[in-house]
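These notes are about the structure you will find just below.
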Amino acid sequence: MGETVPVIELRGVSATRGGFCILEDVSFALGEGETSVFMGGAGSGKSSLLKTAAGIVIPDSGAVLFRGKDVARMTRAEERAFHRSYGFVFQDAALWANQSLYDNLALPYRLHEPLAGEAEVERAVFRAAETVGFRESLSARPAELSTGESRLIGLARALVLDPELLFLDEPAAYLDEESADRVYSIIDQLKARRRTIAIVTGSSELAYRFADALGVLSGGRLLAFGPYAEASLWQDPALRGVAGRLKTRKKTAEGGAALLEAWAAALADSLDAPPEEPTAEGDDGAAGRGGRSDEEKA
Amino acid sequence: MLRRIGESVRRRAGEILYGLGFFYSLLKESVLFFRRRQVGYRVLVMQILFTGYEALRISAVLAMAIGVAINLIGASLLAEFGQGKLMYTLLIIVITRELGPLLTAFIVTARSGTAIATELGGMVVNHEIEAYVAVGVNPLSYLGAPRLIGVVVSMLVLSIYFNLFGLLGSFAIMQVLKPVALAEYLRNLVAVLTVRDLMSGLLKSLIFGLIIASVSIHRGFAVERASTEIPVAGIRAVGASFILIILADAAVTAAQYLG
Amino acid sequence: MKFRIKYADRIVGIFVVLAALFLVASVIVLGANQRWFAKDYRFVSRFGSAAGIAPGTPIMLKGFQIGKIDRIRLNEDNEVDVEFSIYDSYYGKAKVNSLLELVTSPIGLGSQLLFHPGKGEEILEEGAFVATANSPEGEALIEQELVDIPVKDDTVTRLLGNINPLIENLNKTVVTVNRTLTEVNRALAGQSSGPLGRMIEDAADTVAGVEALVGGVRGDAEAIVSKANDLAASLERITRNLEDTTAALRDPTGLVPRLLDPKGSVKTLLDDKNALYNSILGSVAEIQRTLKNIQAMTTTLNTQMPTVAATLEETRTAIRQAQDVLEGLKNNPLLKGGIPERKDQTPLYQSLREGEF
């Protein structure tokens, strides 16, 4: 994958918001069909990183490239193709409150498939809803949903066009176990279909399960980015502080390659991994603390 | 101290430039709105429904009250000078040209200006705008343009209704004071009404509509992330709209009387 | 809420379309009022000067605006080429031989551009030339009576119109008085012994009717002028006669022998309890009153008809002298210089001049 053009590449990207630096000189590349997981504490710039990569946040300096093309210099058609190519799941779902759930799901499809008939739109909408396991009426408004349900719809909206690239911001947060497992299986399916996926999370759970590449963020800087296998070798205490859970993984890696195989098996059968969710949340908090302590050190 | 002044001047200039750029792209998107087969049509309809139709009642009441007031003043004051006929000129000047567009603009600002600013602000805070961008929707064309067009259309339509109701109110009170046949009343009005008056009123409505919409949309999008910014955006939208409307009114009136 | 949204399109549609209809309707009404949709027929004319004509000047016919001046241009011969249009509803009035006439009010009331339709049947072709009334072509048309020029509706015309019957009556009176005075003169000269008294009484009757006849009737300005000239001539005659009479009566040498003659005219004159004398005196007073009326009217006329005014004044003076003579005659005809000296009032002609504006 090293020779091919990366799907998304960030080159020395810095961004500010409201006078505060949220990203500082970030560079990385997402290879075709790879799943990259970015970890970091609260306020480490995870979400901003993802939004910048998706062309939502405009960087102050540096460039974002989509298949080698600078996003800032795209023509209208190219820009359209770019937005068509990815789905973005927001941390807080970010559903359009003044439209019904159906319209929320239908809008991307209608926008990018203007020639599609209403029947086609409807099929795509129901397929997406079904994928995430949402079975309530789609005529409701987003305000009537629980947080977890909103997040499922948010994921469904990202999947409506079956994009080649997915940005997932804390895809499993606020979900009950059953829903979380469903999300994991969806990610697995996407991986199996060689979709390029970028996930940001505060928990190491997702990294364990899916990461081909791992990045660690702190204070707007990308401290490290590399293949997951190499991450186990990272010795920098700062990195370990941010990705606290990695220690365990490192230990397991030290314990033997067999354990890794066992993890892989667990990933394949994701329905059999119920006790992970609470731990993941605990880790989230730990990671957050780690991130903060990092900043204090700096 | 000097540096602070310099800094603030620089920031101000930057803001004004940004505002002008914003206004330009908003206007461009609005012009393109009709050419694009986008999903914003529904937003436009709802905007007109809310800004125009739902404001009709308060606008009508206000217009009739103004019409009655002018007639009462005209009947007592002008008759003293033996200039009773001037009443019609007064009606046209006040309702069609000056006060009609201004009062309509105030109503629209108070109702829709705040609504637009807070709604868009709320959308920013809920990351809805980012979601639109992510999907590939230009928020200016999808959210801004239909609101701008909706407000402008509503302003024009409301000011026409303001005329209608203002002149109706005046006619109604006339039936009590000294009855005049409707045909006679209309004839007198048409005699003093010029296309210039009509166009002047509509021009003002158009300009006021553009001001209200673009200021409110700008303030709404200016919200960054905190929900506490939302009411501030509403307040700023109203304040800035009022000031700009009054300045624009003075400018248009001056241009008409001088030019 | 659901209801409202379901019908949002329809409500908004009605809301907007109604307003648009109202706007279009009012613009159409206004447009009709300002003749946007009416066709105008254009013609050309030529004026000596652009004074009183400007683009937009209305063209009037009997008090109605039937068109307006569109464009004026000074041509190479220093004349003013004028393009004007006649509204389509009045196009039928634009007959062949029509004239334009610029009437300027002498007392500063602005000017009016009048249109006089020709008497022909044919309607003017669009773009045709319409002459002005004071151009040679126009005068020719008026002379041939191919065009109908009505009475001008301005103050001066009205004044003249009012004076006309007055003058006519005065004229009649003057003729009668003149005849009477001639008779008197002849009587005084001993040339006549006819029924003088009756004749004078006739004259008095005529004069009595003068006041009643004042007003109402309107005449032609030209007629008035000619009548005024006639009148001036008559008045001159009258004046001369009165002067003759007065001189004859004043002359003591001529008087005495005639007075001594028992069949003398003066005796006759003073017979019948002064009946004849009173009659003449009455007539003269009437004339004076009439003249006063004329004077009141002519105050606005001064420069227009100085001759008439001057003659009227002379007549007044003559009549006054006649009164004085008669008075003296009555008091004591034997007494030399029995006629009182009268203090002269400001002459009419002069007072008119003073009131110049």
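Per-chain residue numbering starts at 1, and chain names A, B and C are given in the order in which the chains are listed.
Throughout what follows, a contact is a pair of C-beta atoms (placed from the backbone, for glycine too) under 8 Å apart; a residue touches a chain by one contact, two chains touch by 3 or more.
Bear in mind that the values here come from a model prediction, so they are computed numbers and not experimental data.
> Most central chain by CA mean?
The most central chain here turns out to be B.
> Average the CA atoms of each chain to get its centre, and name the chain whose centre is farthest from that of chain C.
Result for the farthest chain: A.
> Taking each chain's centre as its mean C-alpha position, how far apart are chain A and chain B in Å?
So the centre of chain A lies 44 Å away from the centre of chain B.
> As a quick test, compute the distance in whole Å between the mean CA positions of chain B and chain C.
So the centroids are 63 Å from each other.
> Just give me the whole-number Å value for how far the CA centre of chain A lies from that of chain C.
Roughly 105 Å separates the two chain centres.
> Among the residues of chain A, which are close enough to touch at least two other chains?
Counting only residues that touch two or more other chains, chain A contributes none.
> So in the complex, the part of chain C that touches chain B is made up of which residues?
Residue list for chain C touching chain B: 4-5, 8-9, 11-12, 15-16, 19-20, 22-23, 26-27, 29-31, 33-34.
> Give the list of chain B residues in touch with chain A in this complex.
Residue list for chain B touching chain A: 37-39, 119, 122-123, 126-128, 130-137, 224-225.
> Going by the contact rule set out above, which residues of chain A touch chain B in the complex?
That would be residues 17-18, 51, 54-56, 79-80, 82-84, 86, 88, 90, 92, 94-98, 107-108, 110-112, 114, 157, 167 of chain A.
> If you look only at chain B, which of its residues touch chain C in the complex?
My answer: residues 45-46, 48-49, 52-53, 56, 153, 156-157, 160-161, 164, 190-191, 193-195, 198, 202.
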